[in-house]
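First the structure, then my questions, so here it is.
Which chain is which? They are A, B, C and D, in the order written, and residues in each are numbered from 1.
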Amino acid sequence: MTVLAFIGLGIMGGPMAANLVKAGYDVIGYDTNHSALASLQNLGGRSAGSIAQAVTDADVVITMLPDSPDVQAVALGEEGIYANARAGTLHIDCSSIRPDIAQQLARRATDLGLRAVDAPVSGGEVGAIEALLSIMVGGQPDDVSEAQQILQHVGSTIVHVGPHGAGQTVKAANQLIVAGTIQLVAEAIVFLEAYGVDTTAAVKVLAGGLAGNAILDRKVTSMLQRDFTPGFRIDLHHKDMGILTSAARDAGVIIPLGSHVAQLIASLRASGHGQLDHTALLLLVERLSGRDLQSAKV
Amino acid sequence: MTVLAFIGLGIMGGPMAANLVKAGYDVIGYDTNHSALASLQNLGGRSAGSIAQAVTDADVVITMLPDSPDVQAVALGEEGIYANARAGTLHIDCSSIRPDIAQQLARRATDLGLRAVDAPVSGGEVGAIEALLSIMVGGQPDDVSEAQQILQHVGSTIVHVGPHGAGQTVKAANQLIVAGTIQLVAEAIVFLEAYGVDTTAAVKVLAGGLAGNAILDRKVTSMLQRDFTPGFRIDLHHKDMGILTSAARDAGVIIPLGSHVAQLIASLRASGHGQLDHTALLLLVERLSGRDLQSAKV
Amino acid sequence: MTVLAFIGLGIMGGPMAANLVKAGYDVIGYDTNHSALASLQNLGGRSAGSIAQAVTDADVVITMLPDSPDVQAVALGEEGIYANARAGTLHIDCSSIRPDIAQQLARRATDLGLRAVDAPVSGGEVGAIEALLSIMVGGQPDDVSEAQQILQHVGSTIVHVGPHGAGQTVKAANQLIVAGTIQLVAEAIVFLEAYGVDTTAAVKVLAGGLAGNAILDRKVTSMLQRDFTPGFRIDLHHKDMGILTSAARDAGVIIPLGSHVAQLIASLRASGHGQLDHTALLLLVERLSGRDLQSAKV
Amino acid sequence: MTVLAFIGLGIMGGPMAANLVKAGYDVIGYDTNHSALASLQNLGGRSAGSIAQAVTDADVVITMLPDSPDVQAVALGEEGIYANARAGTLHIDCSSIRPDIAQQLARRATDLGLRAVDAPVSGGEVGAIEALLSIMVGGQPDDVSEAQQILQHVGSTIVHVGPHGAGQTVKAANQLIVAGTIQLVAEAIVFLEAYGVDTTAAVKVLAGGLAGNAILDRKVTSMLQRDFTPGFRIDLHHKDMGILTSAARDAGVIIPLGSHVAQLIASLRASGHGQLDHTALLLLVERLSGRDLQSAKV
């Protein structure tokens, strides 16, 4: 039976690991949060007392961690994955991190006789629970194929998008489009409300044409109600926009709207709204337009 | 039998009038282009020698004209619709014009014992030919209902979105989201290409999640091939962005991305690309990123 | 003695007319505000009961009015300047209006045997009182020379900048640079304060180098104190940014920062700060950065 | 006699070291470029074969290096300054680097019994040669006073602007205002040219009022001639904008125009214009406005 080490059992990692247990894998989890470990054990997984213990006997190591430095520490630290994994172990990093760090990890893995793929996900907590994540995978074809066998139990769309780092690059592009689309919809809503338009009717016609998008399909009702319960928090999207803008700068790619919306997200966070859903960009457009006082529901 | 006058038999108006003839209406067309009139006659419509002649006996007058001043001239001029139509005539303006001009026309119509609704469309030439337009209608409920009876023969989605001008406001919001989304997808494509990502695979995963949108569904293949055959021309989208930015300014609504992408579209037009499809925003991102020389297909 | 009609005796026009009386001209004023007329009479000017009465015997007519439509009405209306002035009269328009309207006035003047120059000013109320305005003049060289003879009594720098409308174009460019520079200084101040820098010392070194500008020289002290007493109001700068963005759009000129700061000024106005000095852009940067709660003096 | 080690004898460091020799200091230079060392010796300075050799007997160590990683390597490396300097040595870093790195260096210096101040300069090669640099100094008051005694021989304005890192923060703010002002002037020039305005006359009136700035005073003539000989290269300003945008992001400060102009500078660099003077932002505005083909001198 394939032994999977799973490092990082948080909001996303927890349900992903649970789905892998259900799929029949021998999952050894590690997290600094003891209750997360206990939950995994209750579902039939195993619990490790350290990263080293988790990975020593693993065939595959999956990481799901907050940010680039976390993955670097867990993978490259003295007590980390790469120092303790067996030769040939496959490291699948599902975290959303900088593409250049993903490439650095892959080079280091190769040097040590290990293998690495970057496999960031989208779909949020619900996607993780329901095993409906979209997963964009970067790496060597054989390694990616092997990873896909496992990832199919946590996601519904698993696509090989290119070499090492490509998964992270696609994730950054994803976050660019998502943030920008939310902002466009927010601008449209405030504009329509200012003119006394029936926004529910308007959304119906907007969603059906070339302006149609997933935000109009899935998020606009809560936006119209000013319900900004996350969902995906501004703080996390701010982190992702940092990855995007750095990677674009490094590659000499100019992203006028991406750069602009990154500032708007940074503003929401600076104003103390980091814990709201990313659709709270609507709040900022209202505020800029002097309509925040008029909006009773905020 | 209801008599419809149809003023403006261009790329959009021509097929719309044709569909109304097919639906059984007595359609009297007027256009300065004689071959457009001849085409209508061949399909079973009638041809008028002047606006006055077209509208004198009409129950309903439909206009489909390029821009606000055209509609003002045709509706309000001495030889125009309002000076020659019978009391009670319903004017359905399908042009995309400024919301404040739509409101002005409605007030004038009311003063003269006429009725007006604004009913701009989206869906392009194909939508006009196939009677699959989306139509956003602003006006009095009874008038809108009457208009919907007719418009159902040229469109598939006809939605009453609010009072006079609301149709135009929703159209402006539509154009905001469309332009912004094209730009976001263009930024994503250049970013992904710069990193050597398999863009076809990437688009597949992007389109399936929260980044999904109609541009990724319908336009991205031609964008990846740098095929900018219109479709919807930059020149026209530039006109629409002018309507949007003016209307937003008038209402005190701040549209950071809308305003930004309006500049980018204006730049494409100033650079001589006004005749290309609006997806040519991709050209500008490439150029800003110094990648135009590398793109063999352009 | 040269007879000058002066239409528009407001905050700017009042002291300008007064300076022309002092310079020895026979000044006939007109304004809808009777106390402004009384003030002019007290200084030795004359008062007219209508525009027609003011201009009938004038050699030169000066206008100083709020916006383009005001100038159009006063110049072109049935009871206006052009209908009542003698052949050969020189119209000097000191208002800040759209360049295309200035050109339209000049064409109309020529058609009627009159002459027109556009001569917008900068320097504010203090400059008007102290006859230290900067004046940018567009028109035919002979007419401009004649205008300069008179304008030297209200300004210290009077420059012929090109053909009809050029004065307004330069004024728009002036307002672009002023607004943008205020915004840049505002961003710098909030950035420096966030890092605990001694801003008074920092301004000293910034002002002395390539970052030096008139805002740092004249306005930064009040900005650091959050004293936004006008000066030049946001509402007026908003009007001017509208002229700029329209004129740039008409000419196909892309103004990325100009367009961006126009949105920021519009936001301040929409948020109810239209009566503050334009340096209140600092408020907006603070607010976007979540630092408005920390700023005791606001 | 005070012994000064000077690390980094490039375009800026070379003339600064020369001026310190002239001022009577015992200057020991180090650079990987041998001809730079030879030049210093010819002027009466001494040449070291390694950083360690340069700093071992120095009272003060000055560094003038390209970027943050260079300073980190030279200061903190095993063969670097901090490992080899005597207790109490004062490190004056004149490089333009990230404020947080400046703070890190200061903490490390303190831990090791050394002292550090950050003292970035503005004024360019000419300022370095003529000892007319503006220098913004961050650090402990006593250390800054001691540094000022030395720096007065290389600059004309030396200002203590705050604690460790404050010098770099002010330098970043300086580069924000300079880049933004160049861009504003570039937008104004293209706008004025598009309208056929006499730009030389226009600049005269713009420079005299609230739009006045050092770019109009010192750089506009070469801009109007499209002479983009550096001066200060786009590549370097791009580096500085990276420092600015990172530092602003870290502090939660929103810089709408700063962020926007950073993209424009990045675009120029990506388009192969990194070696031009930063006033080449004018090229980009022309290009965006489709006026590059019309500009014979480019």
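Methods note: contacts are C-beta pairs under 8 Å (C-beta built on N, C-alpha and C of every residue); 3 or more make two chains touch, one makes a residue touch a chain.
None of the values given here were measured: they were computed from a predicted structure.
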item: Inter-copy rotation, subunit B to subunit D, in degrees (Cα atoms; steps of 5); value: 180
item: Most distant chain from subunit A, judged by the mean position of its C-alpha atoms; value: C
item: Chain copies touching (subunit C, subunit D) - same or different residues, decided at half shared; value: same
item: Pair sharing more residue contacts (C-beta pairs) when A-D is set against A-C; value: A-D
item: Rounded Å distance between subunit A and subunit C, as computed from the means of their C-alpha atoms; value: 52
item: Whole-Å gap separating subunit C and subunit D, where each centre is the average of the chain's CA atoms; value: 37
item: Centre-to-centre distance between subunit D and subunit A (centres being mean Cα positions), rounded to whole Å; value: 39
item: Contacts with two or more other chains, residues of subunit B listed in rising order; value: 252-256, 260, 267, 270, 288-291
item: Subunit C residues touching subunit A - in the complex, by the definition given at the top; value: 267, 270-272, 287-291
item: Of subunit A, residues touching subunit B in the complex; value: 99, 122-124, 134-136, 157, 159-163, 165-166, 169-170, 172-178, 180-181, 183-185, 187-188, 190-192, 194-198, 201-202, 204-206, 208-215, 218-219, 244, 247-248, 251-258, 260-261, 264, 285, 288-291
item: Complex contact set, residues of subunit D against subunit A; value: 242, 245, 249, 252-256, 259-260, 262-263, 266-267, 269-270
